[in-house]
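The structures considered in this document are given below.
Consider the two complexes below, in which chain A is the common component and chain B and chain C are the respective partners.
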Partner chain A sequence: MSSQRQVWTALATLLLILVVLSPALFIVQMSFRTGRDAFQMPPTLVFRVTLQNYADVLQGKFVRALTNSTVTATAATVLALVLGVPAAYALSRTRFRGAGLVSLWTLSTRMAPAIAFGIPFFLIYKHLGLIDTRLGLVIIYLTFNLSLVIWMMRAFFDALPRSLEEAAYIDGAGIVKAFSTIALPLSAPGLATTAIFTFLLSWNDFFYSLLLTRSEAVTAPVAIVNFMNYESWEWGKVAAAATMIMLPVVALSAIVRKYLVRGLTAGALKG
Partner chain B sequence: MEGMNRRRFLRSAALTVGVTASGVQLSRASAQSRKPYADARIKMSQVSHAYADALTAKLPTFEQQTGIKVEIDQMSFPVLNQREDLELASGSGAYDVMQMIFIRTGRWIGAGWAEPLNAYIDNPQLTDKAALDVKDFVPGAMAPFRRGETIYALPWLADSTVVGYRADLFDKAGYAKFPETFEALQEAAQKIHTRQTAAFVTQDNLHWIFPNWLLSYGGSFFANPPSDLTPTFDTPEAIKAAELFTAMLSKYSPPGGIKLDASIAEAIMQQGKAACYLDGMGNTQHIIDPKKTTLGDRMAFTDTPRGPKGHFPQLAVHGYFINKASKNKNAAWEFIKWAVSKDTMLSAALNQGHLAGTRASVLDNADVRHKFTWRGSDLATLHLSVMKRAGAGYMAYRTVPQFPPIGDRVIIAMTAIASGQTNVIDGMKSLQKDAEGILEKAGVKLRGKG
Partner chain C sequence: MHSVGPQPKLAGVGSLDRVAGTSARARRWPVARLARPSWNRTRRRVFAAFLGPSLAVLILVTILPLVFLVITSFTPLDLTNPGSLRWTGLANYRELTHDGRFWNSVWIQAQLSFWTVSLQLVVGFGIALLLNARMKLLELVRATFIVPMVLPPVVVALIWKVLFTPDISILDWALGLLGLPQPVWLVDPRFALWAIIIADVWEWFPFVMLMLLAALQMLPQEPLEAARLDGASRWQAFRYVTLPLLKPAIVVATVFRLIDSTKAFPHIFIMTGGGPGTATEVTNFYAYLEGFSYTYVGYASAIIVVMLVVTLLMSLVALRVAGWEVEVE
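Here is the complex of A and B:
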């Protein structure tokens, strides 16, 4: 590739990145602006930077909401992986009657929009005393994440050659050992990808948090909406809170980036 | 001697301990009698609002005086709408005190979800009637919460429609005063509107804005609510009002002016991108907030324009009520009395800038009037006059149980007409048909049908 072409490709890539990231960048820059500057049109590149919006957000109940989001999304992701990965392995490696049906029915929680399950879940939770609890949210997220984990991880396990585990069986390993020492390490990219997706699904959930929490277990996406004051929205706080919501996801993605790319491509090899 | 002293010492010590202990018991008993709700816990649902901040600020005093622990759950208006409706429909007693939303009164009171308050108000054990002074609430603010003599909620917010305008721009166009009629406003808009500065901006909750035009031109939502709910959107008066209103949106509003959230519309005024604004009284304080705009000193406020059939500024009222499913009704009432008391409302006005209050005595207060006078416009008096006018009953259409879905159809119709998807006659006929369908489905008997 000629150097001129490389420059053009780089410029085009940069432009594309800017376009794709522009909503996020707009929110981030707005979070450092004063109320007067927030809607300056066209936005000025030079402005007086303020951290007041962050200070306001951190003084209120938003920190608790952020903690709730972290706890529920992490717990739901870990539990979904702990339960879903062995299930996916079992479905990938064993043949039994009704295996296809089991796979299909794990998807049942995703066969209709979330709102269709809203009222039944609300009534059940009301009777079980799970409204406004972190446990309640974790159970809900787990219900929906399990199918994703099972289906994604099954594809990864299907892509692994069985001969490696068969060699381990010949050397005396049991199914648990073959799973934990051979299949699981080899599917690490898949695990990372699946973990990211399940975490994001729980982290960004708005509907169930809105429906099933009140003040104790409310998560960040719902708490952010509460900055919409009846008479005037607090845009600075909304932007600061949105930036804080994005940070853990960006950090997590950066940490597992290496695995993420491999995981996305590996899963596509065999379906 | 030494032994005697020890005995005497022990006796006096025992006596002292006894007296102290009984004193503690007595003072506890007396405190208990002063705090009949000691250790009661109540929860309240409330929209995020300056008034909630005022309550939160004063809450420690209330809790200390009554022994009631209060949790105020503040949420945005869309969240409040969804959550309260679901809580009430499911019979959950999760919230003891709830916010009565004006347009939902028909459904919530009709369904028996709100505790009637008369038994609490009339009980001298529970209420000092003179201190509560129900008559101090302006009738227009009380009307949505009354059914005959029964009171279901007490109001804390009454948002009245008002016009905010850039006096410098209108002055430059030859208007020393803001136009007094909607047709004169349209003429002025023609002169003022430019690509840089729109003549008019408002929020997209059009079923709240359009009635300012509709009623002023002799139109209405229903023939005679609540006795005759036959919709009247296809009358010549309603069509004329829709034509003028949608022209303001399509010709004289900023780009995208049909679908601007209240906060964006407010920001457009703050940035000087529009010359006038029609919305609730509560917003006025944000439009001139020096933290958000440098143009506050060019802004003025006035009454909404009138039409050939009169002047009908709108009023949206919110109150507090006791959830019928609450297990702490007396404690909830104690809280409501305090939350809408003269002291609390006055403090909210003076310290939190809560202009859209509901008590005449607070709005008449000299300090309040001074605080809310802006460039010669006495906003407290203006607000009070709108509330008194609305007491005549023209806001009854908003408390019809089927209003919320019909209101949504009004927004759809106005948006379709203003964006040119349909012409005004077809748009209003379609709206009429939709409204009839909603009412018939709800079992409402319409004039000339079946």
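Here is the complex of A and C:
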């Protein structure tokens, strides 16, 4: 292959990347322009960069929504890990009757549209007074987070050599000790990956927040929509808010990109 | 994809001989400890305690709500009338069979699924084939192409709402520049569904692309070389060697995209609200309207139960037909 051809392939690839990313980049550049400048057609490549939109957005109720998103996604992640990681370890180290059922169930819950859980949870929350609370969101996020944690962590534990834990047993360590001092530290990268995954899924949720919150516990994705309706289509601000909620997602997903497909197909692909 | 090779399931104490000699302490601590029945009992008890809370929570947050959903689907439950939680058997389901709006929503969903999945396969596979070469930029491609599918769905919907709104959209401007028609996408019944389809294809073709690219790069080279030596043309080698070897990856990608094609809720909610008229009202969205705009939760439950059963059966059949099995013991 000639070097000239390599250059052309590289250029074509870069162009492809640009085309794929352009819709997202369009929104990002829009967030740095104000008023009429944002919609000047043809768009100008050189423009006055302003942070006015961000300043406006951060003065309003959106800050509370961002806090809600951060708190619920973090709490949902911690809860799913605390419950799911020991379970994944148990499933990895023993044979349980019905362990296969767990993966089938993971797959089935993944197939269900959000509204299938939304309706019963809405009715139960109304009864329990959990509508418009962060706790309510944290609990419903377990419907997709918990089985994902179990599924992903089991694969990570399966990949660890057992001989280390067995040596610890012989040295007199109990199962809990071997788990917490050997298996857990060794699977730290897996834990981080799983945590990022559950955080992203919770952070990106739109439907449950739409259905189960009103004003107090509204998360950022739903707040943007409200904001869009009340602020009579101030696109610059909408773009700024959208950029703010997509930034952490892009950064975090870059870390877990190797495992992305595996996480998205949890319950199906073996290992 | 990251595949973890099969590992022998040790019953906890499988390779004792090897381990026993490694530590000085091991000699003082009798290995026999692990052979005692009390150890096995402890083991079983500890692992049960590890698993128990998760199982209990899973039952509580997934199985019970679904049972509750099925129960409400047999009632005329109305949010404005708390006394309406009474058994009326299959009444909701009978009504469904002659609800024109329901059947319309199924048809819209069928079109949406067909076009999004086919286009994602074509675009994703095409780009995967183009990029299937050893090149330095591949890592950059992998890193950037995941962006559309990890973005919050709300942001995807907002991006395309802007792009499909005339006057403020660069897309509209570009179409005008090329002398192409500039439809008012989101309010024109002929284009609204296509607006949703385009947004969904952009969001998810990278999923197909990444899966197939991974499969392509793991493909064994020998069969392909053998075919070429035997005089197969490039097309024949692709058609009769590469494609059959890729079949499992293609099937898995298709099934997952098919299942998730029923989840375009945020896009529809933000871009069109189901409209104009009912032009983009998929079943999922129709159920949402019945349940939470018109407050007929019982009827909405029946719609969702039907939808759940159909998706579940379809995906299981698809996986079976493809000769690929869900991991069930």
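FYI, the second predicted complex is superposed on the first by the 210 of 271 C-alpha atoms of A that agree within 3 Å, B and C clash if a C-alpha of one lies under 4 Å from a C-alpha of the other, contacts with A are read in each partner's own complex, and residues count from 1 in each chain.
In the analysis below, a contact is a pair of C-beta atoms (placed from the backbone, for glycine too) under 8 Å apart; a residue touches a chain by one contact, two chains touch by 3 or more.
Bear in mind the structure is a predicted one, so any value in this text is a computation, not a measurement.
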{"item": "Partner chain(s) touched by A:Leu104 [first = chain B, second = chain C, both, neither]", "value": "second"}
{"item": "Chain B versus chain C as contact partner of A:Trp235, first or second or both or neither", "value": "both"}
{"item": "First (chain B), second (chain C), both or neither touched by A:Thr34", "value": "first"}
{"item": "Which of chain B and chain C A:Arg214 touches, first, second, both or neither", "value": "first"}
{"item": "First, second, both or neither for A:Trp151, with chain B first and chain C second", "value": "neither"}
{"item": "Chain B versus chain C as contact partner of A:Phe47, first or second or both or neither", "value": "neither"}
{"item": "First (chain B), second (chain C), both or neither touched by A:Met246", "value": "second"}
{"item": "Chain B versus chain C as contact partner of A:Ile131, first or second or both or neither", "value": "first"}
{"item": "Broader residue contact with chain A after superposition on the shared chain, chain B or chain C", "value": "C"}
{"item": "Which of chain B and chain C A:Val225 touches, first, second, both or neither", "value": "both"}
{"item": "Touching both chain C and chain B, counted on chain A across the two superposed complexes", "value": "38-39, 41, 122-123, 210-211, 222, 225, 228, 235"}
{"item": "Parts of chain A lying in touch with chain B, wherever the complex brings them together", "value": "34-36, 38-41, 122-123, 126, 131-132, 210-211, 214-215, 222, 225-233, 235"}
{"item": "Chain C - residues contacting chain A, complex", "value": "1-7, 9-10, 12-16, 18-20, 22-23, 25-26, 29, 31, 33-34, 42-44, 46-48, 50-51, 53-55, 57-58, 61-62, 64-66, 68-69, 72, 77, 127, 131, 133, 135-137, 140-155, 158-160, 162-163, 167-168, 170, 172-173, 177, 202, 206-207, 210-211, 214, 252, 256, 259, 262-263, 265-266, 269-270, 284, 287-288, 291-292, 297, 300-301, 304, 307-308, 311-312, 315, 326-329"}
{"item": "Contact set on chain A toward chain C in their complex", "value": "6, 9-10, 13-14, 16-17, 20-21, 23-24, 26-27, 30, 38-39, 41-43, 83-84, 86-87, 89-91, 93-96, 98-101, 103-105, 107-117, 119-124, 139-140, 142-143, 146-147, 150, 155, 158-159, 162-163, 166-167, 169-172, 174-176, 179, 200, 203-204, 206-207, 210-211, 221-222, 224-225, 228, 235, 238-239, 242, 245-246, 249-250, 253-254, 257-262, 264-265, 268-271"}
{"item": "Residues of chain B touching chain A in the complex", "value": "43, 47-50, 71, 73-79, 82-83, 86, 90, 92, 94, 157, 261-263, 266-267, 270-271, 273, 280, 282-283, 285-286, 289, 291-294"}
